[in-house]
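A, B, C and D are the chain letters, set down in written order, and residue numbers restart from 1 in every chain.
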Amino acid sequence: MDRWDDFLAPYAQAVDELKLKLNSLKKQMSYNNHGPIEFVTGRVKTKESILEKMQRRHITAENLAVDMEDIAAVRIMCEFVDDIYAIVGILRKRHDMDIIEERDYIAHKKPSGYRSYHIIIRYPVELVTGTKYIKAEIQIRTLAMNFWATIEHSLNYKYQGEFPPEIAERLRKTAEAAFLLDTEMSNIHDDIKEAERLFAQRKRNDEEDKK
Amino acid sequence: MDRWDDFLAPYAQAVDELKLKLNSLKKQMSYNNHGPIEFVTGRVKTKESILEKMQRRHITAENLAVDMEDIAAVRIMCEFVDDIYAIVGILRKRHDMDIIEERDYIAHKKPSGYRSYHIIIRYPVELVTGTKYIKAEIQIRTLAMNFWATIEHSLNYKYQGEFPPEIAERLRKTAEAAFLLDTEMSNIHDDIKEAERLFAQRKRNDEEDKK
Amino acid sequence: MDRWDDFLAPYAQAVDELKLKLNSLKKQMSYNNHGPIEFVTGRVKTKESILEKMQRRHITAENLAVDMEDIAAVRIMCEFVDDIYAIVGILRKRHDMDIIEERDYIAHKKPSGYRSYHIIIRYPVELVTGTKYIKAEIQIRTLAMNFWATIEHSLNYKYQGEFPPEIAERLRKTAEAAFLLDTEMSNIHDDIKEAERLFAQRKRNDEEDKK
Amino acid sequence: MDRWDDFLAPYAQAVDELKLKLNSLKKQMSYNNHGPIEFVTGRVKTKESILEKMQRRHITAENLAVDMEDIAAVRIMCEFVDDIYAIVGILRKRHDMDIIEERDYIAHKKPSGYRSYHIIIRYPVELVTGTKYIKAEIQIRTLAMNFWATIEHSLNYKYQGEFPPEIAERLRKTAEAAFLLDTEMSNIHDDIKEAERLFAQRKRNDEEDKK
């Protein structure tokens, strides 16, 4: 395979379109800069990373477009775990992409400790030669999950191989600690909402009494 | 109608998506920075321009989205007149937009002298609330047509009304002169291609003779 | 103050330029998509947020440009705490901005638990009317600090006021837990580097022995 | 010279920054989408074009950064010839670039018929390794000049060599015709302004008479 640029161009186009569309979603769901989507990123896998993964996963050049589902990937970062499922619900209703598969690595974390919600989509890119359907991955995470996943990925990249068991165990523990933080933040959020509800109710009762 | 931002948001989204997609088309059709699409622009009509046009064309607020077809508009600039029709042919095959109407103001120029190829499309924008189909206009022009149309539009905007007949006549003449330039440029292009064809053929003949 | 758009335009310009420049820095420091800067964001404070802060901090319209230092703000997210100081060192050497003040809220966290490194800069924006120097804030954080600060800010915004003491205490605890995660991730990073160093040394020794 | 990406990166950065800054200038000079700057483009010369020009102009690798002044180039398109000089005046006052040279190919057209105003600047790009000053070219043209120059450049690129005298002559004539159009458009513009001035004066006189 020599024409990497030709091969990767539709993936780059898909990433650009998906970033634009998901940033529009972010804006629609926001008011005064605040909303459930914190930010959106995207990237096309580099030639080097594709070649490395082909070797590691025994993927042939012929099956590359079918078997490697994250050549184009966009990532949505949320504040709370509940936001993730809300966004999944919204994505399911879209007509500009077909969801092929959903993988809930939050309910079922990976052995490494990794958590995220993955959606594999089939996305149409219009080319001069016609419509080309490519696979792309949408990853939806909290900021805490993203913190962990980013560093773990980075250490993995630098380490170039399997972590020693002691390191893997410590990373698993940090994943759990990060998830505990997500849970506590959700609890605080819920408690604030409940406190405000009670406060508003008491205020209404007081006003009733005054009459 | 008070919520202008809400009304215009899907149009802005459409313009952003169309610019991204048509710039991708430009890139696909280019080699070493050269190709038939020179550049792509886009804009959402301002609130002021929409209100002015509603009054001038007697468009009610209820019919605005149906009757005003250029609230979202993108423009493709080409080098030669032939390129315009080639691009129209490519746009007709796309599956991410429906062509509602085509207006060939090149074969049939407007009384003012205006020339361009207009395509009115129905374009789906995905919102949190579902798919919204909006109308958008794609204008395809040569650089010479764009030169004339831009200045005429600008003078019109500054003049705020009907041009006096003498001015209108002079503008019509510049439109014709600009179109003559387009024709001559196409002729030069054709003559160069023909000269190269003859040159290549003579070379082949010479090589034949040497055998 | 009626002409908000005019007032905010140079700030928006500064944010756009700083994002472009810091994304270039990110790219320069990366190899194969990996580097110390994870991502860069930026925003101009909304009119609503400016008015609210003016009231809260008793800032007059005359002193707004001097006293409110985060109307334009960009944010750099890093993987490890050490990366923050490395980037501060690089920013100090730049000639396209003047550092007015540095606030190390990592060494000296805020009472709320907030951690970040803040740099207040004086940044020149070229206008038709001449060079305008505006203040802007560059916030440099780890992903874990950003996780905490984002959610705390969001809860604050929704709550519109002082947190009850019990909530404030729980948020402080999550800030400490997030910082512990940063520390542990740095330790793991150091341990991996040390393990690799030892491994490489052993390999060299073995090769020496074979001779 | 093997590390093309490293060599070209600061030029790409300069083009991105200049486009951002000149688009800001466009916006500052506009009202309701109308102003003297019609659009801004920019590009980094491709490796292929640089190599071709080095050979044609006998530029060595050592002198490349000094002798080739258009590796980074941005282009400003205006409506009227007068706008060009107005923008040159504004650019001269900027503090974020140094003008090294100005070439007025409007007053003194090239033998080919080419017209444009060229400004060679020295522009600072901040790198991790320090400030790097690069040369860049700002081309300022009317839309009519751009029409001609774009097609001439394109024909040249396809033709790969000197035009035959007859073709060169026809291209020169189209350049003159395009410039005549610029002149006539300016005249129409002036006449409209004068007509409006007279109209306004007559109206004032009539109002005076009524008193």
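Throughout what follows, a residue touches a chain if its C-beta (ideal position, glycine included) is under 8 Å from a C-beta of that chain, and two chains touch if they have at least 3 such contacts.
The chain list, named the UniProt way, goes like this: A, B, C, D = GTP pyrophosphokinase.
Values in this document were obtained by computation on a predicted structure and should not be read as measured data.
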At the largest C-alpha centroid distance from subunit B we find chain C
Length of the line joining the C-alpha centres of subunit A and subunit D, rounded to whole Å: 43
Please report how many Å separate the Cα centroid of subunit C from that of subunit D, as a whole number. 38
Length of the line joining the C-alpha centres of subunit A and subunit C, rounded to whole Å: 22
Junction residues of subunit C - those touching two or more other chains: none
So with touch defined the way it is at the top, what topology do the chains form here? Options are line, ring, star, complete, other. ring
Going by the touch definition at the top, which pairs of chains touch each other? A-B, A-C, B-D, C-D
Report the residues of subunit C in contact with subunit A in the complex, numbered from low to high. 32-34, 38-39, 41, 43, 46, 48-49, 79-80, 142-144, 146-147, 150-151, 154-155, 157-159, 163-164, 167, 170-171, 173-174, 177-178, 180-181, 184-185, 188-189, 191-192, 195-196
Within their complex, subunit D touches subunit C through residues 9, 13, 16-17, 20-21, 24-25, 27-29, 90, 93-96, 124, 126-128, 130-131
